[in-house]
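Naming follows writing order (A, B, C, D, E and F), and every chain is counted from residue 1.
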Amino acid sequence: MNVLTFGEMMLRLKPSESKRILQSDAFEASYGGAEANVAVSLALQGDESAYLSKLPDNLLGDAAKGTLRKYGVNTDKILRGGPRLGIYFFEKGASVRGTNVVYDRAGSSFATAMAAEFDWDSLLKGVNYFYFSGITAAISTELQTAILSACEYCAQHHITVIFDTNFRGKMWTPSEAQAFSKRVMPYVNVVLANDEDFESSLGIKAFDGDMRHGIDQKESFKAGMREVVAKYPNCHTVASILRNIHSVEDSQWSALLLRDGQFYESVVYQLHVYEGVASGDAFGAGLVHGFLHGFKGQEQVDYAIAASVLKLTVSGDLNLVSEPEIRNIMQDGGSAMSR
Amino acid sequence: MNVLTFGEMMLRLKPSESKRILQSDAFEASYGGAEANVAVSLALQGDESAYLSKLPDNLLGDAAKGTLRKYGVNTDKILRGGPRLGIYFFEKGASVRGTNVVYDRAGSSFATAMAAEFDWDSLLKGVNYFYFSGITAAISTELQTAILSACEYCAQHHITVIFDTNFRGKMWTPSEAQAFSKRVMPYVNVVLANDEDFESSLGIKAFDGDMRHGIDQKESFKAGMREVVAKYPNCHTVASILRNIHSVEDSQWSALLLRDGQFYESVVYQLHVYEGVASGDAFGAGLVHGFLHGFKGQEQVDYAIAASVLKLTVSGDLNLVSEPEIRNIMQDGGSAMSR
Amino acid sequence: MNVLTFGEMMLRLKPSESKRILQSDAFEASYGGAEANVAVSLALQGDESAYLSKLPDNLLGDAAKGTLRKYGVNTDKILRGGPRLGIYFFEKGASVRGTNVVYDRAGSSFATAMAAEFDWDSLLKGVNYFYFSGITAAISTELQTAILSACEYCAQHHITVIFDTNFRGKMWTPSEAQAFSKRVMPYVNVVLANDEDFESSLGIKAFDGDMRHGIDQKESFKAGMREVVAKYPNCHTVASILRNIHSVEDSQWSALLLRDGQFYESVVYQLHVYEGVASGDAFGAGLVHGFLHGFKGQEQVDYAIAASVLKLTVSGDLNLVSEPEIRNIMQDGGSAMSR
Amino acid sequence: MNVLTFGEMMLRLKPSESKRILQSDAFEASYGGAEANVAVSLALQGDESAYLSKLPDNLLGDAAKGTLRKYGVNTDKILRGGPRLGIYFFEKGASVRGTNVVYDRAGSSFATAMAAEFDWDSLLKGVNYFYFSGITAAISTELQTAILSACEYCAQHHITVIFDTNFRGKMWTPSEAQAFSKRVMPYVNVVLANDEDFESSLGIKAFDGDMRHGIDQKESFKAGMREVVAKYPNCHTVASILRNIHSVEDSQWSALLLRDGQFYESVVYQLHVYEGVASGDAFGAGLVHGFLHGFKGQEQVDYAIAASVLKLTVSGDLNLVSEPEIRNIMQDGGSAMSR
Amino acid sequence: MNVLTFGEMMLRLKPSESKRILQSDAFEASYGGAEANVAVSLALQGDESAYLSKLPDNLLGDAAKGTLRKYGVNTDKILRGGPRLGIYFFEKGASVRGTNVVYDRAGSSFATAMAAEFDWDSLLKGVNYFYFSGITAAISTELQTAILSACEYCAQHHITVIFDTNFRGKMWTPSEAQAFSKRVMPYVNVVLANDEDFESSLGIKAFDGDMRHGIDQKESFKAGMREVVAKYPNCHTVASILRNIHSVEDSQWSALLLRDGQFYESVVYQLHVYEGVASGDAFGAGLVHGFLHGFKGQEQVDYAIAASVLKLTVSGDLNLVSEPEIRNIMQDGGSAMSR
Amino acid sequence: MNVLTFGEMMLRLKPSESKRILQSDAFEASYGGAEANVAVSLALQGDESAYLSKLPDNLLGDAAKGTLRKYGVNTDKILRGGPRLGIYFFEKGASVRGTNVVYDRAGSSFATAMAAEFDWDSLLKGVNYFYFSGITAAISTELQTAILSACEYCAQHHITVIFDTNFRGKMWTPSEAQAFSKRVMPYVNVVLANDEDFESSLGIKAFDGDMRHGIDQKESFKAGMREVVAKYPNCHTVASILRNIHSVEDSQWSALLLRDGQFYESVVYQLHVYEGVASGDAFGAGLVHGFLHGFKGQEQVDYAIAASVLKLTVSGDLNLVSEPEIRNIMQDGGSAMSR
C-alpha cells in the first residue's frame, strides 16, 4: 500500500535557544511542511510513502530533498525548478507569549507552479492514498486546480482521498477556504478538522473559538462531524484533535474519530509541550497508518493521538518516532488517563 | 515626552544551556542593568528614551552602548572613561535550585564615577521623566549625591521623578537603603516597591517575607502603599508586583497600583517562567509608558503587569517586546484569569 | 574518614538541545557512572573520596580521569589499560516521551577486567567506607568476584560496606541480580533500594511497579525495609527514594530511611525535573556524607533527599552542588512541604 | 559632513563552521549589503553616515535596522514596508573551492520599491556625499530611475556622487550594466572599479580577467582609469583594488587611485584571508573617509586599502574596525612591503 | 551501470572548534567510512551506487543508514544486527601537530559479521563494479573470506573489481596485508595504492617513506605500478595519489594513472587543507565515475585528482560536491599549475 | 623533584568563531596564566608540579582551581579569598590584524594580596624549582616583595630559581621592570628572555625590535645572553625564543640556549599558527622538564622549542600535549629543517 502526499516544503529557521529573532545571530535550520511531515511520519513507521512537490534546483532544494530521503520517503516524483524554496521563521513561544511564525514563502517554486506541471496519470499510478491539506490549496488557485484534477483521477481509480483542512488565517480567508472545500469535499473520503477548521474551512459551527476549552465542547464537535458526513456521502471518516490549551507549555489533548457512522474517543493526555508544531500532521499520519494496517476505529484514534502528542516532544517539524514508541505511549498514556 | 534613566550597565555572562559555572566552557554574553532595561523597553514600545551612565572607553563599553543603540535608546549623554565595565555571572536555576548571581562589579567605571561628573543642568534639559533605582544608590555615596542633585533639578523643573526601590541585599544593608530613601523620597513622585522592598528600602512592613504567599498579602501591601503616600506628599503613585513563587519555573504574578489616592489591581497570571530576571524593570517601563500616553490607572497597571510577565518569557535582561505584543497578553491574560 | 567507590565510568554522549539521535549532528560529552558520581558528590561536599575503576590508557581514559580530578576525587588507585572506555548515548525525554539510553559499554576496559587485577589489601588500606552498586556486579562475574573479595576484606577490617542495589534490566535479569545479592548482602552494612530494586535485586515485594504511585506505597516499602534488616543482621541501614512520577518533567520525591531499627521520613518535594539522571547516586552520596559527619537519622535522610532533588536540576551525571546549597534546599523545601 | 548611502540590505545566512549548505543544520545570521557596509564602516570610523533603503515592516526588517543603529548609522530615512527582506546564503570556500553565494533576493521590499517612493528633496537635504553601487542599479529599472533622480539633485546641490561599479554577473549582463553607466557616469564624481568591473560595467578593457595576475596589470589599469576621466569630465577620482588571488586563503592586495590627474599607488599586502567578502565596500568607505577628512591622495589610497585588507580578517559583511586600527595596519603593512 | 561498495561505516566524533579531546565537552557527529564515502561521492555525482555493510539495529545504525540515503545511496542491501556501530574519534591537527585518530571500532556489527551472512549471488546481481578497500580486509579474516567469495562471483560474472589498498598500520601488519593482497590481487581489475601502500600492502618498493617528497618520486612510483600490472595480468589499471606534505595545512597533490599500459599524469595542486581525511576515497570515486562514463585516461586522472583535492576543503568524511564543481576545479587548477 | 610556580590565574573570555568582541554574543571560557600554564605543562609531561596563587573563594575561583586539578597540578598551596578573579578578553587576530587582549585584571584577589600572606617557609618546603615571571612582579610591589622573599629562601635552601622576564608593556614600564630585575637577578639561576624582553626587562640591547627579523639577529642575542651571565654569576642558564613573524598565521620559530657557558641552537620551524598565545610558557616548561630529567643542552633546547611550537596548534592558554607528542615533533621537525 502506497501513500502520496502533495504540498509545500520549506526551510524553517528558528532562533537558537529560545531567543527572539531580534536578538539571535544564529538560526537552527530544518526542512518541513505539512504534507512532507506526513510522508516522513509514515516512512518512519515503516510505510511506503512518496512526496510530491516542486523544489528549486539549487542547494536548498537539494537539502530539502535530502531530508526526505534520509527518513525513507520516496522522492522520485518531486519536480525541480522555479525560483526559490519558501522559508518560515519560527520564534518559539513560552508561557503567555505564543509561538510566532514569520512567513517568507511568497514566490516559491511550489507557489509559482502551474497545474499543468502535474501529470496525475503518471504521478498517481500505483498510489492507494492521496493526502493533501488546505495549506496547499491556500497557496494558489493553480494548486487548487491541480488538487481537483488529482481528486478526479483518484475518484476514477479508487484511490482514497484524505484532506486535512488545516486552515491558516495568514494565507487565505474563511470564505476562500470554504469555496474550495465546496469543490473538493465531494471527492474526499477522509477529512481532518481541528478547532476552528470546522468553521473556517467547512463552514460548520462546531467550536466556540476558545482554545482553553476545546475538549469541553466534544458534543458540538460530534454534531459538526455528523454534519460533514451527512453533507458529503463519499466522506466516510472525520477526525479531530480537541485541546484545552493553558499556556505554550501546558495543555490537554484528546481526539475524536467518526468512522463509518461510529464515534471513537481517545483518552485525554495532560502534556508538557516541548515544541507545539506539526502535531496535526503527526495525527494525520497516524490515521493513515491505521488505514494501511487495518486498525479498527478505537485503535486508530488511540494510535493517531499518541503519535500526535509524541510530536509535541520532538524538535522540528518532523515526528521522528517509530511505531513501537507510539504504541508505548498508547499503553502508558491510556492507563494513566480517564477516557 | 522624554525619559532619562540613570544607572549601571553590565556585561552579563550566563553559562550556556543551563549549565553551572563550574562545568561551563562558554558563556552567553549580553548587556543589561535595571535602568538600561527600562530605557530599552520604552524605546521598543515607541517612546523616546535616553540612558545615562558611565561606560569604559574600551570594546566592552562600545558593545554595551551598541546594544542600547540597536534597540533605539538615545546614548548621547553617556560618559565614557574609567577602569572597567562591571560584570555579573548569571547561573540560571531550575526547580528547587534558585538562580544564582555572582557579582563582579566592584571598581567599574560607573562605581568609581564622581558626582561632579554629572552636569545635570545639561543632562536633564528637555527631560520629562527621570528614572533611577535603588541599585544605583547602593553602588556608592557619590552616586547617591548625584541622584539627589538630579532630584533637586527635577523638583525645580517639574520633571517627574520615578524611583524603583529595588533592594539588593548583596549591595547594601536595609538601614543604609532606608537612610537613602529618607533623603530622596521627598523628591520622588512615583515609587515602585515589590516584596521585601517595602521593609528593606522604605522601612515599612507590608510583607511577611514568604515569597510563596505574596499575592495573599494584598491587604497589607495596600496598607504599606497608603503609608508611603501619607509620609511623602510629593509621591502620588506607588506600584507593586505581588507574587506567589512556587519554584523557579512556576509562579503567579499580579500587580497593585495606588495612584492619586485610588487603588487598581491587575488580574493574576499563572506563569511558566523561562528566565526570571528584569521583570521589575519591565513593569517600571510599562508604568512609565502609561504615564507618557495618558493611560488611566486600570489600563496602566494592566499594561505594566502584562509587560512584566512577558519579560519572564524572554532570555536576557532586555524585554524585547512591542506594545502590540503586550496588549495581546492583556487581552488573553485578562480573560483567562480572575481579577 | 575516607570513602572508596568502585565501578565503571563512561563517556556520555547527549544530542544537543533535546534533539533525538537521528537528527543530531553534535553530542554534548561528559563523563560519569554511578560510583564515580558518588565520589564526585562527596568531594564537592568536602569529603575525602577516592574512586576505583579501570580506564583505558588513551585520551578518553585521560579525559574521564581528569573529570574526577577536577572535582577533587582521588584517582591514584585507578587502573589503566584494556580496550576501551564504555559509552552511553543519552536521549533526553520530554513530557510523555521517556528518556532513552543506548548503551555501548560492552568490551570496555572495566568490563573486561579480571578480579585478580584488584589488590584489595593495598586498595582498601586506610579506607573507612566502601561503596559499590549493582551496576558493577551486573557487568561481569569477574567483577562480582572482585566485589566479594573486597567485602571480605572490609568485614575483616571494619570498613563499612554500602551497596546501592540499582537494578538495571538492560544489564542482567532479576534472578541474576538476586543470586548476587544473596552472596553479597551478608557483608553489607548499608543498602539502598528504590522502586523496583526491592523486588528485582533483593527478591522482596515492596512496590507494585506503578511509578506514578511510589510515595503512596510508603507502608509496603517500610515492610520491605524491615524484611531486609531481618534477613541480613549486618545490615543496619536501608534507604529508599519514593517517587510519584507524572511525566518526564513533573514528579514528587520523598525518602525513607530505616537506621538502627528506627524509621525516618523526609518531606515530599514537588519538582520540575531538568534532567532525571543520577539522582540515586546523589542520594547515596548524601547518606554517606551523613555517616561521615555523624548526622542523626532525620538529618541524614533530609540531607540525602535534598541532595538528590538538587541533582534533578543539574545537567550531566555529576551533582555539582555544595553542602551549603543542599542545606539551603533542606530549609526551603522542608518548610514548603508537608512531612 | 554627512554621507548618505543607498542600497539593499539582506539577511546573510552562513552554514556554521565552514560546512556546506547540504550538511548544515544551523546558519549564522548577520545583516549586510554593499551600501549598508559602507555606512557602518564610516560610522565606526567616527563619521556621520546615514543609510537609505526600504525594509519590510517585520521582525527581520527590525533586525536589519537594529544592526545599523548598533554601529551608529543614522536610520531615520529608511522606508518600511513591502513584502520581504532579501536573503543570501553564503557558503565559505576553502583552498581550491571558491566561496559560493546562493541569492534569494527576488521580490524583496527594496527590489519592488518604486522610484517615486524616494523623495530626494527631503532625503538628500544636508547630505554632502551620496554613495551607491552597481548592485542597486542591477536590482530594477525603478531603482535605476531613483538613482538618476538622486544624481540630478546632487548635481544641482553640489553633493559629491560616488559610484562603486561593483558588477555582479548573477544580477545583470555587461551590456545592461554599461547602458546604465552611460546614463549615470556624467553625474559621478568618484568611481570605483575593480578587476572585471572596468570592462563589464564601464566597457573599458583594463584587465585580462585572470584573477591570479591583477597586480601585474597595473599599467593597463592606469590606462583604463585615464580613459574614464577623459570620458567623464565630472569624474575627478577613479579608484581600483588590484589583486593576485592564489587561493581562497592566499592573495596579494594593492590599490590604485587616480585623483585630480595624479596617480597614487599603495603598497602590496600579502594576506591570509579569513573571509573574502565586502572588502570592496571597506575600500570605498576608506576613500570617503579620506575625502571627509581632507586626506591627500597618497594617504587616502593607503588608508582605503588598509581598511580593505582589514575587512578580510573580520567575519560578516561589516568591517568592524576603528580608524586607529586601520592606521596601525598602514604603518606595519607599509613598512613590511615594497611599494 | 551500478556500483556496489563494501565496507564499514562508523560514527565519527570530532571535538568542536579544533579542540583536543581532553578539553572538549562536545563532539561534532558524522558518519562515514572508506567505502561508504565512495558510494556517497558517486551518488552525488549522479551515479547509481549501493552500499553493503552490517549496521546495528539501533538508533546509531539508523542514523548511519539515514546519512547514506540522504545523499542518494541505495541502502537496500545493508544487513542490520550485531552488537554496535564502530566509532572513531577525530582530533584535527594543526601545523606541526598531525591529525590524531582514536579508534573505538572493535566488536562492531561489521567486525563481528560472518562471511556466510553475505549472500553474494543476490547481493552482486546486476552490479557492474565492486569496490572495497584494504580496511575491510584488515577488520577480520571472516571479511577477507567474504571479499574473496565476492571476487570469485565477480570473476564469473564480468563485474569489475576495484581494490583500494588503503593500508592502516593501526589495524594490521604489512605482512598480513601482503598475504591478503596475494590472494585477492588475481581477481582485481583496478587497484589504488598511495604512498606507503605499495610497500605495505603490495610488497613493492615504490616510495622511500618521506611524505615531504612523494611527488618527487614519480619515477619510482611508475616503476612500482608497472610491476603491479606485470604481476597481476587481470589488473589493467593502477592509480596513485602522490603528495608533498609540508604541514597539516600545506601540501601539494598530484596523481598518476597507469591504464591499459599507458601512463597519465595530473597537474600538481598547491593546497591549503581544511580537513585532510577521506581524499583517497574521493579519488577512488572519481576514477570509478570515469569508468562509468567512458572517460579517457587523461580525463579520468584529472577528474579523480580534482575530486580528491576538493575533498580537502569539505568537513567530514563525505565529499559533498557535484560533478560541475569538480569540473570547475579541473579547469582552474589545470591552468594554474605546471604538469 | 618538585616544581612550584607562582603567579596569577585568570578567566579568559574569547569571542566564539574568530568574532570580534563587538559582534559576539558568546565567549569561550578557559582559565590560564603564565605560571599556571607552566605548571599544567609539567604535570601533563609527567612531572610533579604545584601552583601558588590567590584565588577568590567563589565559583570562578573554584573553576580555575578545578582546571589545574583536572590536568594534574597540585593545588594544595593556593590561597583562597579576596575580591575577584582577574579576567582577560582575547580577540584572536587574523592575517594583518593582530591578536588583541583587553585586560580586566585590576583589583583581583592576587593583585590585592599582601606579601605577608605567603609563608615561604612552608610553601617552599620540599620544592626543588621555583618558577615565576615578570608578569607576577608587574602586578604589584607587594608581589615583588613576595618574590624577593621567596628568592632569599631559595638561595638558602638550594632551590633553583627560574625567572621568565616576560615583559608586558600594558602592565609596567621598562624602567620599572629593569629596577625589579636588578633586585631579583642576583638570585636567579635560569632566566628566559625573548624578543624585546632583553631590553625592556634586563636593559640589555639584543634585538632591534623588528619582529619580522628576530632569527636573523641570532648573534646579537648571543651577545646579550653572554652579558647576562657575565653580570649575574648565579645565573647559569639563559634561554630565548627567536622569531620571524610574517603574519598572525605565518611565522618561523627557533630557540637559543646558553647553559654553563655553552650555546645550543634549535632548528628553525616554519609554522602555521592556530593560536599564538602562551608558547613562551610552554617553552619555559620544556626547559624545566629538561632540568628535571637531566637533559643535555642540545636535547633541552630542542625539546623546549618543540613544546613551544606545539602550543601554537592548541586552543586556550594550556599546552595540552604529552612528552611523546613533543618528542614526535622533535624528530619530524628536526629532520625537516636546517639547523
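Points to keep in mind about this one:
What we mean here is this: contacts are C-beta pairs under 8 Å (C-beta built on N, C-alpha and C of every residue); 3 or more make two chains touch, one makes a residue touch a chain.
If you want to know which protein each chain is, UniProt gives these names: A, B, C, D, E, F = 2-dehydro-3-deoxygluconokinase.
Because the structure is predicted, anything quoted here is derived from the model rather than measured.
Centroid distances built from C-alpha atoms place F farthest away from chain A.
Centroid distances built from C-alpha atoms place C farthest away from chain D. Work out the mean CA point of chain D and of chain F, and you get 44 Å between them. Taking each chain's centre as the mean of its C-alpha atoms, chain B lies 63 Å from chain E.
The set of chain B residues that touch two or more partner chains comprises 16-17, 20, 22-23, 25, 28, 30, 66. Interface residues of chain A, counted against chain D in their complex, comprise 13, 16, 20-22, 24-30, 58-60, 62-63, 66, 83-85, 87, 89, 91, 100, 102, 104, 106-107.
Remark: chain D residues 66-67, 69-72 touch chain B in the complex.
Residues 16-17, 28, 30, 71, 269-274, 309-310, 312-316, 318, 320-321, 325, 329, 332-333, 336 of chain F are the ones that touch chain E when the two sit in their complex.
Those residues of chain B that touch chain C in the complex are listed here as 17-20, 22-23, 93-97, 212, 246-250.
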